[in-house]
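One chain, chain A, appears in both complexes that follow, with chain B as partner in the first and chain C in the second.
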Partner chain A sequence: MIIKGKIKPGEYFDSVTLMLVGRDLTGLAGVQDAAVIMGTRENLAILEASGLLCAELAAAGETDLLLAVKAADGETAARALDAAERLLAERKGKTADQAAGFSVRSLDGALRAQPGSQLALISVAGRYAAAEAWNALDRGLHVMLFSDNVTLESEIALKRAARDRGLLVMGPDCGTAILNGVPLGFANAVERGAVGIVAAAGTGLQEVSVIVSNAGAGISQALGTGGRDVKEAVGGIMFVEALQALAGDPATAVILLVSKPPHPSVMERVAETCRTISKPVVSIFLGAPPDGAGVFSTHAAATLEEAALVAARIARDGAAAAAEAAGCVRRELDARDATLLAEADPLAAGLAPGRRYLRGLFSGGTFCSEAQVILRGKLSALWSNAPAGDARALDDPLHSRENTLVDLGEDAFTVGRPHPMIDYDLRQRRMADELRDPETAVILLDVVLGFGSHPDPAGELAPLVRDAAGKVCVVCSVTGTDRDPQNRSRVERALTEAGARVMPSNAAASLLAGAVCACRQR
Partner chain B sequence: MPIEDLFGDGLKVINIGLESFATGIRQAGGEAVHVEWRPPAEIAPGLMERVRAHAGAIRTANAEAAKRFLAGAPFVVGMGRAGEVIPGMRRDLLLHAGPPVDWARMCGPMRGAVLGALIYEGMAATPADAERLAAAGKVSFAPCHEHGAVGPMAGVVSWSMPVFVIRNETFGNLAFTTQNEGLGKVLRYGAYGEDVIRRLKWMEETLYPALRQAVEHLGRIDLKAVIAQALHMGDEVHNRNRAATSLLYRTLAPAVVRTAPDPGTAAAVLEFIGGNDHFFLNLSMAACKALLDPLAGIPGCSLVTVMARNGTEFGVKLAGTGGRWFTGPAPVPDALYFPGFSKADANPDIGDSAITETGSLGGFAIAAAPAIVQFVGGSAADAAQYTLQMYEITETEHTAWQIPGLNFRGTPVGIDAVKVVSTGILPFIDTGVAHRDAGVGQVGAGVLTAPMEPFRRAFEAFAETLNQ
Partner chain C sequence: MTRIRLGDGVGEGSWIFHSRFPRSVNFYDGADLVSVVPPETGAGPHAVVMERLPGGETPRLTVGGGRLEIADRRYSFTAGDVYHSRPVWGVPEASRLAAGIGSLKAFMRRHAPDGSLARWMDGAPRKAMVSAFDRELMVRLIEGKALLLGDDPAAGARLLHGAGRGLTPAGDDFIAGMLHGWRLRESWWGIPRAARIDAVYAECRAAGNPFVATFLREARDGRVFERLEHVVRALLDGSSGAVEIAAARLFAVGATSGADLAAGLVTALENGNKD
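Moving on, here comes the complex of A and B:
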């Protein structure tokens, strides 16, 4: 063990800086102890007591800076002294202002940092989400609860309190919304316009907003409620609140309602509200009896695509033309569907014998439901892990049988991993499985673009689509706009070039896929 | 307010959770501030809901508490011996820092201070005698806080010790604190050697009479004003008191010279104060104590009136939960150590000095003290970040105590236990570090984050005081 010291005459640092440098020195390999202190009498006594006072330091004065190290050998000690001088030099040059912005740790801090905040977007784990939502409501903020696993009791209490205060609570489990043109959660960059949306189905909201925008119209507001809102227990509190808000919004000329079939009591409440609204209301309650909503809405559509196109046409032509809009759109879609069906036969003819079945691999739950509704009566032996319409429940969601439509966003797949719109790994592996199955005729996919979704879905899917070429027919739809970060046209082109049949909507894709399989199953 | 009022152009969002959502909002032309969220404290089910149901009443109670704090006016109004002026003081009673603790559970430095005090009082001749006396239960112990007093580190106050008397002129309540001994081997850090006792005797026989006369001559000393000025001069009046001590010195010096029995005494007294940067610390603590005591007993008030540590436990009191202490184990501070010492030598956190943080100073005002930012990462921005975080758990901002580096924003006033448990943000405290063994003294200085446990317990007890 050797002790080395050095005097730096007249140098001054505050004692804390010196302690800090001393600490850094003591952390060096081979250094047992170190001191960097001013040469006062008290400090010399400290050095002596800790066995660091060496001959070199004996002549130190009060205004001198002292460096002392105890190290394994002379070389280590010399290196440590050099390091001390370097560290002190760095301290001198250190600029005070490193951080431009300060971090915010709480809702109140955020309110101070951004006065005039209007909405809290909450996506923390479900068990903490309700408390944050209450904090937000208590401060007069609207709330979007992206989080799921919030209790039903909390949802009801939050929504009642929000209704009393004239605030929105979108969710829990509300994946998407567009407010004042700003996309929240998973949402697309759509044009602003006269169509106002209320949706209890997340990907349903994305699909209709995108189709409206791509058809040349735009969105005033798109409000989500979370799927549980239209169940009996919650009673459609926010669905009705949102509907009334759009009714009172001068920028909204036509209202579009999107949901799986609400509980009858909720349906009645929605109908009651609609009767008080003079604006045209277009509805899509996926899988509901076709004319169920006809009694109160201007038009009850059968698919998301139809609903969106009717709403877009009314927005373009005005409320006076609302009556004809539905008929026009239906005629155009019928013509389009006829061409699609004509394509089915040649596609089916190109497949090897034994290839019969449809395998739909969805990242959007609403799309999986819509496909089942569209294929009702068109394909028999339909299975799903999220059955709707006539489909039967799969015992094992990991394995397909006959015609299978799986929602890969269901809990069985997503626990402990990112949503399939973000992470394509699960769908890639499942697609590879389906390609190996000699009975697979058609693979049906939804590709959802927008903020929050995977930045390059075509890159993820194209290799598998190419693998399928000549064996299995791949049919897909792309939900997005050219203003989305992924760019819809580019994604469509890449998938088409890889050999996929890219359809303008999930409805069209489902129809074509079903028709090809129907040919094979005849 | 109808929902339609939200509709228009632009949107300001507070994003709590996935950070990518904030990025998306900004990309699309909206405004978003992202919250660095952390899970809150785990509390018994139903209690947060109960607190929320009483939010209006709590808001009113907390506003009243903050009003009282800001209205307070602490002045040094005199000096006296502890036995003469502190209510309930007895010859066989020793006051100590933090929540209640008995001899068996006392940490090393507090035991050392107890031994020193017993020798100083002449109740024991040797440390061994003193130890027997303490262990046999011949002396009683009580927290300073329960007798209107505060003491730094071990905080031991005995019958003969001279104390400053501080009166909050707005509410008439008194607070008491000893004269600061200086740095090095001192009683408050658990040292009890002959030199320690000799210094205490000198402080009793020379310093105290001179200061008492000087204070009498001056009438009173406005501590709120001294603290306000010191904050503008680089102190946070907990770990840095250089400016405040200098200001006090400037006030005292002429009076000491006029009233001291001889020039030698005057010089010795002024040299002692001038040579001890921390002389003002005890007064900044007593000022905060005097300001906070009038908050105690406000029903439904969730603000903290005491944070104090005894070297074993960290204790908290709330305005709305009566005299109850809520405690949890005291953590060991993150510190910079004197040469020859390391964290292994450090005693868990000790002292009543966290009353300064409770009173919006110390760690809460560290942005005002650039000279000591090395304790918190080295840059003024780091210090600002700590102070800014404290605004997230406090009720309001001080009207007289300002932080120049934050554009003269008021210090963060009134720690709200509800905000602490619901945000998971804990009070940030400046501190000195004592050696874990009795008799050694100070080994470093640093900072620490208060433990959650006492706040969680305080919150739960507070919620229980509210009607279901």
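Moving on, here comes the complex of A and C:
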């Protein structure tokens, strides 16, 4: 073994970066050990005690960065040091790029730099976001308001003003949109096509857009409104405006509406608008009685998957075949679901005695709601930190009881932390907790791919899935496409190889997971 | 008009550009490091909170006469825009504080990041550590903690100061947490800790980068930053929900810094009655 080191004078990096680079180096072939640390007196002593100190590092000072590698030979060590410098430079490049991004310091500056812009995407602390949105509206721009914590009063005022000016305000708390083929926020790389989406549910929008795309159709526009838009106070202002925009969009042949159940007064406004639209409208109002939306939409679906497949089929076969499309999709899904239910018994039989409960750990709030709707009446004693339907509210979201479905994107988990679609740490810990519980039978997961999401979700989850094998059944869905940066097929393959049952949709995953637990609870 | 907030430790003066990170632009005058940070980072004794980080060339930061100047832009501020880093805490109610500390410890057990002291001191197996550096670091941290609590706190400080990765090594974060905890014990119950604080700080003052130096000096002086203030207030309140929300925000400071500081804070608050 040979030890080589390098001093980078006056270089600063945060400890996350140093830890990750050190870990990457240790994983290189031929490298036995590595450390990337600041050159404090104590760290030098620790390097010496751990056998990583070499002559090159002896002169290091407190503000120097040290690279130390123990490798099989000098060539490998030198290559590892080069790799470390390259990894650090990439990190620094990102920082410099971020800094360069700040060179545009105002909306006017941005408009000067990019004349002809039509939309401002606003992601600043909530208390400043409304002011920026007003600035954007005043300059004739549509607004995507990624920020949350905008007051209800501001939201209403902004949306009324936007409507009067013929502009859209998507949000606040609008995380996903696809405009003219450009994904914004957490969105996926989907095919362009004839299905236009209006959604008051971010991960709901992602799920339907990828299912449409994977089914061979595509998306014209996908407009988010923010979840609060369909509440009574806001009155569905933007939901209706977006619906009308798609009605007038020549590229949109089918309109797909996605939301949790709107307030009845909002539902009525949506219905009134739909009656004036000649294009087919497919709706999914999660948990609402289907007959309500069925009055005004061409088809009121029960799941996100069903809604997306019906919309895709209408886009493919034309509006004239709309009535048939729903029946065909329903029959295909019924057949698929029957197969899934048949799989439940053998899966349940393989579990140890005492294992009987479902633990759903979701990064997408819409998925958590959809699972509750699907499992309504199928499992008793259903608990959630974001209850929908018949589920009861968990007193302590950190601890599961009986059948529990947790939305890990809720504020209690995300204050001061990245969203669980970006950072899997929270879910990994919770999954480990659930695996230790002798009553856990099934762990249900959503894996959301796309821009902004974690670059390697399979790498984060596969070790835990492998740990779970033989103890509990892990069921998951993967929301994404093969064009996403993570590549859907690759992620599905990795999770399947680790031992997970990977389903084509959250609806299918929820159904299978619920059926296995129902078998265990008979 | 763009509103800014600045910490009460900033004072009047001029600082020259030191470094730029994604979430801070830092200025240094040879003694104190002043960081310009976005609102989500929160206020601190030597922080200037601005809606947007200044871009481009930022050679100097100047404060005086109710105005702050940076990158050729001037901002006015009033007394109401100053963050007070030495809050009046009041006297804690013992059972609430005990419940709060219990909740913080439980949160640490569940959510402390891998590689943080909170995890290692909880008996994490050594074999889980990939690197010999990490294994050796853990040994020193555990030994240093025992010395800090014992009769030779200076020896503990010598072992811990500068130990760990990053700008504020884990050992320094832990020491800062201990210093804050001891200051709180003084403030709450009048338990004299000055000699112990001085002994520990004396070992830390000679070396370290400006980030560590400023951070430790703030801790010595009992100056808290906003996220830490919220944790202390949650401990006093005793509600587990409040503690968890505040702790989650504290743990989001750096990779392990927030959790390591919390580990030091809990250690100081829990141990020391014998003194």
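Before moving on, here are some points about what is shown:
Criterion: the second predicted complex is superposed on the first by the 420 of 522 C-alpha atoms of A that agree within 3 Å, B and C clash if a C-alpha of one lies under 4 Å from a C-alpha of the other, contacts with A are read in each partner's own complex, and residues count from 1 in each chain.
Just so we're on the same page, a residue touches a chain if its C-beta (ideal position, glycine included) is under 8 Å from a C-beta of that chain, and two chains touch if they have at least 3 such contacts.
None of these values were measured; they are calculated from a predicted model.
Touch criterion met: A:398 reaches chain C, while chain B stays clear of it.
Once the two complexes are laid over each other on the shared chain, residue contacts for A:134 go to chain B alone; chain C is not touched.
Within the superposed three-chain model, A:425 lies in touch with chain C and out of touch with chain B [touch as defined at top]. In the superposed model, A:221 makes contact with chain B only, not with chain C.
In the superposed model, A:412 makes contact with chain C only, not with chain B. By the touch criterion stated above, A:117 is placed in contact with chain B alone, chain C being left untouched. For chain A, the partner with contacts to more residues, out of chain B and chain C, is B. Looking at the shared chain after the overlay, A:52 reaches both chain B and chain C.
Once chain A of one complex is fitted onto chain A of the other, the partner contacts of A:23 extend to both chain B and chain C.
Touch criterion met: A:38 reaches chain C, while chain B stays clear of it. According to the touch criterion, the shared surface of chain A, contacted by chain B in one complex and chain C in the other, consists of residues 14, 16, 19, 22-23, 26, 33-35, 37, 42, 46-47, 49-52, 68, 94-95, 98-99, 102-105, 124-125, 128. By the touch rule above, chain A contacts chain B in their complex via residues 14, 16-17, 19-20, 22-23, 26, 33-35, 37, 42, 46-47, 49-52, 68, 91, 94-99, 102-114, 116-125, 128, 131-132, 134-136, 138, 140-142, 146-147, 165-168, 179-185, 187, 189, 220-221, 241-242, 244-245, 248-249, 251, 451-452, 485.
Listed in rising order, the residues of chain A touching chain C in the complex are 12-16, 18-19, 22-23, 26, 33-38, 40-43, 46-47, 49-52, 62-63, 68, 94-95, 98-105, 124-125, 127-128, 398, 412-413, 415-417, 425-426, 429, 433. Those residues of chain C lying in contact with chain A across their complex are 19-22, 38-40, 51-56, 110-111, 113, 115, 130-133, 135-137, 140, 158-171, 207-209, 227, 241, 244-245, 248-252, 254-257. Of all residues in chain B, only 1-18, 20-21, 24-25, 27-40, 48, 52, 55, 184, 336-340, 342, 370-372, 374-375, 378-382, 384-385, 388-389, 391-393, 419, 422-423, 425, 444-445 touch chain A in the complex they form.
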